[in-house]
Structures are given as structure tokens and as C-alpha cells.
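Only one structure is covered here, and it is reproduced in the block below.
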């Protein structure tokens, strides 16, 4: 049926299922979305329905420009304005995932960026996983979820980070958001961030003075997998 | 059959099964109960039978007023007087769960309240998960399990905490108790407390100086899910 | 067939299987045995065969008095002399289990007794889980496994601990041994020690100054489950 | 078919599957290989294909002398030059495994050798699990993966470690490599290293001053399982 966005909803439902399968979801807290920029919409999990149970018919489709629901009877995730802010602020983001996964959320709660301490991390991020500033009381009292997107976007841009080199961020006192070409890839990035977060916690427990890896190693690993010089995986 | 409380026992058996499924039970230590205030009774797991094995016919029904068994051949959980104290002291408690889940029990053993370090926590508690004072030698030698309920109740009341805003507590050197509208919801709350406990442990390992979140963020998240301004989940 | 100890072997095989199921075994390191004092023998896992794969026909039966194999073609566990020393030194031990479970082994490697920091622990041990002294070079070069049993036994006896109140010990730099009325109960005790070890590690991470629980609480919990005043479980 | 190395590929596929089953693989990062020295080749996982999905037909066969692919259409693992360097530098290595397993990788990121703190470790390594020096910028910019093999080999040899007594090493800021008689045994060694890494982390958390075990205990345990005096397992 034209305009029902059935395929997009199907993909988003499956990505939400994968958030649960990957063990990233804690207590129904987690959601995945994917954008269709040609149609000017994105599809997202409904609020309060567990990731593992959601199917295509439950998914809500929202307009990119004004955030209005254009398909579905459910109320969309309460984090919908944050997803919308990311899509509108990062033109390459095709899918967005938010979780409360254990180790990444602990770093977010500590309001500490995850330092890049090894090649597992450097394969995904060209530097630390950044952490936002805390929201002000006014930002919390106002349009809270949209402002959550805003403090993420503050980290990026011409004078900040590159969303392709830091494809995720920790919202202070909250948890991680990640993005990629589509929802499924964003789930994989969320899983990678969780691994990086666990590795970094254990590393600092072993040797609290561990320093981030050198630029040469960071660049080598990141570019093994990204950009024109990539040689990882099958051609 | 009138007076057999079959439905209540069934619900309580299932909630005890869920305690096991949720990984909250350690070595058969854990029990769930639910009250029927109209009938003046609550149903609870029998002592020493694993949560995963219990079914409706094993459940014991106990009178709220005098603690006598009114249905069932089994001996009720040794923690029954604690559950009864909570039901009698907190009029909104419809279900009570006790576990020895790993991280929450560690905080209880450390006799330290779980500080509210992030939004995962603030979605459930409007402040820390409190910890009771230790019982005195006399309280331990006397009606120990009822006194365990008493030290929990000491934390609440007009000059203390609100049971709806702090729907669970750690008994010092023992473990967590939680409550909610029914037994199944109390199991979910027990699982949330375990997550909050794990997140807080990891957070303090990353940054020992982490402070509880600000009142604005605490109130916003708690009221997203509770009370007249809630906007989480489906209407 | 008389003298084939088929039932004993069957029970011991099943207990070894349970060691694996309970997640206590690390890399085939773990073994369970059970004694038949009337027959003057005990049955034990063969060396090098994984706990999860062993069945009754693989089990080896060994004489209590001289340690000779009296049934079976397999070589018994290399830890057999340790089991034999425990049976000969502790008349109430009916089953013995040895594991390299993660948290208990860490305490053993730290050569630190597991302090009794809460009621989960006090339900099983009336005090800390003790740790042996290190073996001397001569004891290691000599009859190593029998000497391992000897340093365990040194902790017990008239001027030491009571094996019923401390039904397990950590061998320094090695791992835990536990005992109970039979092999299956000894597996449950090994699982309890692992939980106590994990809880204690997390507790000390939260509050390094945590002190062992008071004598009143220790005695109350231990005697809820053990001895003439026990009131836990079904009559 | 002559020259298709079907059996070798089958064994290597199964070993890669076991890397996944053993929980050693994080995010498709992991690979196992096995050498056929008579044929002058080794077989290895293709790049970017998950360990759990790989089967014999996907495996790539590479020449030991020049590293050229001699069988298969896939691109071999990007870590192939590291495997090749190990085979060429250690004549007893029959299988090699690389993982990013959580605890071993944390020690690698901390650039800290895993000290031998107990018998679980001494059963596998006669001393610490060594860590390489960091690669220089030139080594990273040049033939990076071959140089990774080179810094491993620097640790061994006449004036260094014995590959049979230290059958694995941590590459600084990267992760563990291990070797054994064949690929399956190398997977088991990778799993053992992960256990040793976890035990050592917990041990140091309990008692930061824990010292490596004495030479007598180290030698006794290592030789229980290795060399002419071994008496562990079935004859």
C-alpha cells in the first residue's frame, strides 16, 4: 500500500529485535529507528513495548520536518525527538539506536568519555566515545528529549567531531546513542560501543594510568575498515 | 472453590517463576508474594522450594492480621513476617519481592544506599535506594523476620520516604526487598533495582567522585513514568 | 553385580555433571566424589575427562585406606589424594567437590579468606571461608596432592574450625574445596561459595571498609538452617 | 581433489566455530588457522565473515613461504601475515588463534603481562602471559600485520621465552594470540588465557599486593601436564 512504509517498518522492527538479542536492552529501555530521506520520514519503536516483542505493524512512522506521526496508532518512543534531532543534524545518519546497555551507561553516568585504549575501539571510532555536557535545568524543564538531541549535536560539526569518525555519543547521566547507514548497522555500532566500554573499564582497573593509543595505531586501524584505503572484509 | 484463593496463588506462583527467569535468585533465595486486601490475606512461596519449580498448588495463603496460614500444607517462606509487615505498613503495596540478587545484595552488604546516578535509576526511584539500619542484637534474637520488616518501615512514613517514590529498600547485611501494585510488577522492580545496583557499581569504578544527578533531571525522569504528567508508554 | 559400586558411581557421575551445569567448572578443572564408608571406598571422576561428559561407567572407585583403585580402568582425578585426605580427616564428609570457579579461585589466589559480609554467606558458613597456608617447597616436591589435603585439615580440629560450620576451604594459590553429606550437596555448597565470593568482591569494591557481620546475625542465620533450631525449608 | 586441502579447511572451519562457541569472539573479531608443514601451507578464516558462520568452503589456504593464496576465492583474514610470521618463527606451532576476548584484551590494552597468580594459570603457562612492546610508528605505517608477528617473535627465542612454556602472548593495545599443536588446541589455549586473565583481574582487586606464585608450585603444576613427568589425564 503506498505510503504505509511497510518495508521500512519491517526493517526497524527487526533492528529493535536485534537490540534485545544482542543483550543491549535493559528493562525495555532501548529503541532503534531508520530514516527514509526521500520520503522525509523515519520509523521508530512505539513507547513502552519491549524491543523483543515489536513487529512491523507496531512501528510508528514520523515526519522528519515537524515530528508528526504519519503512520500507526501507537505513541512513538518518548525518545523520538532525540532521534529526529540526530537525523536533522547529521545528514549521513541512516539509522539511530539508543540503549541503556550496562557498561556504556556506566561511562555515561560517570560523565566520562570512553578513551580509545586499543584496536577494538579504533576499529570503530577514531578517538574517544564523547560525552555530552549535562543539560541545564531549563533544557530539562523544556523540550527535554529534543534538547537531548541538541547537546549531542553540539559535539559535532565544523569545529567539532565528525559523525563518521565518532558514530555515537554518551548523553551525560543517561546512556549511549549511536548511528550508522541503517538501523541494523546502528545496532552493531551500539554493541561495539558496549564492548569498548567494558574493555575500557577492565583496562583502567588493571592499570589506571593507561593512556589512549598513539595516533599512528588509531589511524591505521580506523582506516583498515573505513574510507578509500580499507582492506578489511571481502571486496 | 470458595476460599481457596486459586487465582491469587496462580499469580504468585508465576511471579516466583519470573524471579528465577530474571536471574534474580541465587541458590533458592528469593520469594514473591501478593496481597488480597478484600480477603485480608496474602499468598507467598513455601520455604525451601526453588522459585523456578513452584506452582499454584504449592503456594501458601496467610492472614494479614495474625500471620496464620489459611490455605496450604506447606510451611510458608521464612521471610513471611517481613512481607506481612510491609503489607500492613504500606497500604499501596500489592506485591512484595525479596531476592539475594548479586549487585543489590552487595550494596546491602556494604550497608550503603544505591545513589541515583542516572536516568535508568530515576525512571524507577525518586532518589537513592535506601538501606536500613542494622538490627540490634535484641531484634535479631527476638522476632527476627518481623523486625526486618520493622526496620524497613522505619525508613518510610510522614517524616521519611514515600513508598511510591522509593519502592524498595536494602536490608543492611542482607539484601533487597521491593514492592509494587502486584507481585509481577514487584518482580520487575526487583530486576530494575539489580540493574541500578550494577550500573552504580561500575559508575563508581570509573569515576569515584560521581555525584547523584540533579533534582531537575531526577524529577523529570521520575514523572515521565509516574503520576499525572506521565507520558511514557501507550495511553 | 556385587562390588561394582554401580549406584555410587552413578551418583558421582551425576554430581560431576552438575558441577558443569552450575557453571563452576573452568576448562575441565573440577571434580566431585562421594564416599561409602561401610564399603571403605569413594568414587571419583577420572582425570582429564570433562565433568559434563562423564557417566557412571567412567567413574573410578578408590579404597579409603590405601588409595588403590578397586574398580575402573581409568586413572582417577589427579586430585584424588586430596579427596582421600579430607574423607579420612573429616568423619562427616560424605561428598567432596573441587572447582576452579572464578570468584572463589580469585580469593584463593589472593590468599585471603572470604569474610562473612552478609546473610547469604551466614546461611552456609558460621564465619569466613578459610584459606590454607601455602605449601612449603618440600610439600610441593613430595606427595603434593596428599599434602594439599593436609593443609586443609590443619585448619580444622579441636583447636581449629568445625567442618560443619566451615564446610569448605580455599587452598592458597589454587582454589576451593567443599564437602557435605553427599556429592550433590557438596556441589550445592561449591555453588554457594562461588556466590559468597562474588558478593564479597563486589561489596569490598563498594565499601572497602565493610566489616564482617555481627555474631548475633551470623548465629541467627546459620542456625535458621542448621542444627536443632532450624526452621528453614519444609519439616 | 588433490591440492584442495579439504580436511585442513574443515578442521580450521570447526576451530573457528569453536572460537565463537567458547564466547571468545567479540564482534566478528577472531580467527583460527592451522598449518600443514608438509604441504607448506596454512588454512585461515576469510576476512569479515563471522566465526560462527564459516564452513570449510569459505576457508582460504595460504602458502607459508610467500603468503600467496593457493586455494579459495575469499580474501583471507587481515591478520594472515601475523599468523604466517608465527608459523615461520615457531616450528612447533601447529595452530594459531587470535581473539579480542574481554579480559585478555583488557590486559593487552593495559600493556601489562598477566602474572601467574595460581595453579589454573600454571597448568598452562610456566610464567606470565607476556605482552609485546608497542609497535613503532614506522612499523605501524609499514607492513603492520607482519610487524605484529615480529614483535611477538621478539619475546621468544634463545635469549627469551620458550613457545611451549608461554604458548601465547598479548599484543600491546590489541589482544591475545595463542598457539598449540593444532587449531582446536589453540582455541582451548585461547579460552584458558581468557580465564587466567579474568582470575588475575579479580585477584588483584581483592589483594593488590598479590605476588606471582613460587617457582616450586609453578614448576610442579606445569609439569603435571607437560613433558616427561606429566601425570594428568588418561595415559
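Every chain is named by a letter (A, B, C and D) in the order it is written, and numbering of its residues begins at 1.
We adopt the following convention: a residue touches a chain if its C-beta (ideal position, glycine included) is under 8 Å from a C-beta of that chain, and two chains touch if they have at least 3 such contacts.
This one's a predicted model, so the numbers in the text were calculated from it and none came from an experiment.
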Open item on the list: For subunit A and subunit D, which third chains touch each of them?
Closed with: none
TODO: Count the residue numbers both subunit A and subunit B use at their shared interface, divide by all numbers used there, and answer same if that is over half, different if under half.
DONE: different
Task: Length of the line joining the C-alpha centres of subunit B and subunit D, rounded to whole Å - done: 47
TODO: Would you mind pulling out the distance in Å between where the CA atoms of subunit C average out and where those of subunit D do?
DONE: 33
TODO: Please list all residues of subunit A that touch 2 or more other chains.
DONE: 205
- [ ] Could you draw the chains as nodes, link the ones that touch, and say if you get a line, ring, star, complete or other?
- [x] ring
- [ ] Check the chains against each other and report every pair that touches.
- [x] A-B, A-D, B-C, C-D
Open item on the list: Show me the residue ranges of subunit D that touch subunit A in the complex, using the header's touch definition.
Closed with: 26-27, 29, 46-49, 74-75, 78, 100, 102-103, 105-112, 134-135, 137, 140-141, 144, 173-175, 201, 204-205
- [ ] Can you check the complex and tell me which residues of subunit C touch subunit B?
- [x] 117-120, 123, 188, 191-192, 195, 198-200, 202-203, 205-207, 210, 213-214, 216-217, 220, 224, 231-235
